[in-house]
């Protein structure tokens, strides 16, 4: 039987930088700790939120190790290891496995649009080189390739490809996935504004950077769904909808950093060419975030306990 | 307060033709009767399903009268009166009101893409000429104009524009509508494969041709939502999902006609250039419809009772 | 051999209305006369510019007769006869033939997206009912159906379907048409901002409303192409490019009407819901049109000579 | 005055690999030599064709040096130095300048969609760190960002940003560029199937991988345009159109490699996940390439002379 280690809210930490654009490992660990103690059901470093493609190999390795060490087995970890070449993807997947990752997430990054056969061969080669599970990630907006349900079906035949993350932002795609891949398929929603619809559609989990800012609301939504309470889920969803839309529209690393500052947390610096939100955008975010603030557990208070 | 006469499953009858491409009013009445007695919460003649744009003025009038007469006030009626010109839209809206329609549905048909101001003036003129409520219908795929939430907000300021039907097929649009127009806005889903997601998002109703084929399943889905039973709603939705996708993909009039024949009902003829489904498509439909057949109440049996 | 009666600049008159939204036949004839005497190589009433879909059957017939009568055989006429139903398309095609049209133009109007087989059957039925040539018109933005080169190839097998009008706005489509349909295919460009690229690609003609405003520039562009003078064609094209973009962006009937007024000509009224350009748009048009004014032959002067 | 070192056909060599996926510098030099002696007006290593994003820093440097050395100043060189981060882009731009590149090409690679201000800051920082000219490259399909004419106008204010490469594939964009940026703007076409339309629109040059396979035809097209002979240009374009479409559809590195093999040249290996064309695709390419073969000067013969 397929090994499916994730459910619920899978939180994506940002990768913070110092003023000199070096990765700030100490701050990163603080951020990971906040995500764990505020209730995330899984931690996923080196995703889009973690600016994976902007990091050197050494930086990726340092982030991987720091995350796994900080989480310390309290919840499962899902490490992003995607790379344009198969050789490099294998390299990072092996590193993550040795470092103790629960699973790895792989999107078929592509500069030159890959054929279905090229994608299958890519996953095949990586899967054969590790023994932990793989979450195959579909996000045409960033990868340039839209993996059809038929292709995902092929990928799921690889023994340790056990999970699908869907980020097209179209709930109909999720319906089709579930119908074509079978009810037992483990699929995860990666489009924040689709959180309610995806859970209604049967998603196992929600991959999201939102817990950096509003963890209590994110987890409450999942709990309402598990309690089969649609009305409550709907109400919780609309409470957080504007924030979900905002952080997606402005880019997760930029928006999360600004939000952390508004919450009185250290958000770190960005790496160029990414720049902080403009003053106007920060005000817009404040308007959205303020009413939700009580919903976000003060981190200092929490961390003081660890 | 706004007059909002619809909720639940609003069923769209097809407009059947004789072998000589004349509207078959007798058969149309039988179809309407089936929709009423199988539980539809509203009846909407002269929609896309009813091939409104393919009919002459006289035919539209005959269909309007036949529908209202057959329904006989058992459920509310929503008559499509859209037209390219404002003058003709007013003409048909007035006719529907005089004939006893509960409300009219209006999409801003456009050959030349209309500006927001042109659309507002169009609705304004029509609304001023009748006193029954108007459902403003957004479906860029057929009208050529995508009405933004901001524009819909302007339309809702017209006193008797009281309802919004959304058919972009994007649940995020519905989330935005509800956030921007306020919780009390009455919005209806017109995209069949979005039925579950739209109800989860808070839609008041579902405008659909599916009750021509599987009324019991359609209504059961709505009932599960009203009972706040997400799990049951999800299961019922996936049962009918393939059918919903099929009838949309093949065009509602063609698919409904073929489905009725498979169910042993009279489906009538189409008007050229629309042609029946191919044999291969009919077999595909049969594979989808057969397992759901027991879900569709045999009409003869029902009608014999009326 | 195929009968191909058109080349060069095929001019599209608007259909003007009186203040009471009645078709103004007298003014229409004046407009047609201007197009003929300013050098158009063909006249095409009842196109998109002529607001075909907004007219009643009687109005279409009056416009058809008025145009053919006014042109009086000086150049060929191409009458738009498209309709949603096959029966009505046949009706109008026959009328045009009897009235003396050189050819008819047909776009596969579709509310319900037509299959390739439905489209072929539609053209087949119309073509069999007349003996004059048909120009098949592809414009997915208005018809809702994008006819592939493969489908157009099928249509061209019908003896009196002899010409293709392409308005996707993508010059690559024209390249593909010419490669797949053969060098001898007669194709016409219907996208104004593509005028230069289409002629470079080998288009036989340019279907355009621009001669209502800048006939001399339009015809000079075609002449430069025929003289194989690319440099001159390029320079002439860029002179008129802003105007071509503007009239497309604002909608041809609205923009042409405003332009005529700026030129001191009678432009007539629009039929609701279409409204005149805003004051701001008129100023924008004036800025574009003024420097080209000397390029537009004063109509009074010309007409006085006829 | 702006320094604009390129015109005509700017040829893009592939970066070939050995069977063990190492960059094959010797073979690369042979390929560059072929491009020079068959008449290319410029050589552009490390473009999309040269699989820039799949290479390590060391590999990029080796390719840069090998190319500049092999070209030996016979024609100008345009080295691709794009990178996700500003720091790395500066690093490679400086390397290229020191190595003797004539100019560098920069696309705003983006994982997180960049704002206009972020893009301007990125180019500003890179431009300030070198003194050779920069070609700003717009290709939303690969970069994820579509630079508007207004943004390009801002970039052109940076003194050593002197050239624009446009690859949206839409000739209307080029018309707009030329109108908004002024007649003297140096813009280059990067969309192969648009070669004719772009030259007709006034493009200074054509950035293309096609000279790896059909240099004589590519250059003849440019010559015809310079001779103001549109008819000849059109005929030459249609001769090569199917090949241009094919190599774009299949991905330039894969298609060029297969084409070289068909021409009896050494094409090298690809780096995974990119795979060779399928047998069926090779046959399709052969059908297209065979009739053009005499148009491609046999390289052995040419190289023997150097």
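First chain written, first letter: the chains are A, B, C and D, and each begins at residue 1.
In the analysis below, a contact is a pair of C-beta atoms (placed from the backbone, for glycine too) under 8 Å apart; a residue touches a chain by one contact, two chains touch by 3 or more.
Just so we're on the same page, UniProt names per chain: A, B, C, D = Dihydrodipicolinate synthase family protein.
These numbers were taken from a predicted model, which means no experiment stands behind them.
The interface formed by C-D recurs in A-B: of the pairs listed in B-C, A-D or A-B, only this one shares over half of its residue-numbered contact pairs with it. Rounded to whole angstrom units, the spacing between the C-alpha centres of chain A and chain D is 36. Inter-chain centre distance (chain A to chain B, centres taken as mean C-alpha positions): 39 Å. Per-chain Cα centroids separate chain B from chain D by 53 Å.
Of all residues in chain D, none touches 2 or more other chains. Judged by the touch criterion defined above, the protein chains form a single closed ring in which each chain touches exactly two others. Contact residues on chain C toward chain D in their complex (touch as defined above): 169-172, 175-176, 178-179, 183, 193-194, 196-197, 200-202, 225, 228-231, 233-234, 237-238, 241-242, 245. Taken together, the chain C residues at the contact with chain B in this complex read 21, 48, 51, 53-54, 84-87, 108, 110-115, 117-119, 121-122, 125, 141-142, 144, 251-254, 271-275.
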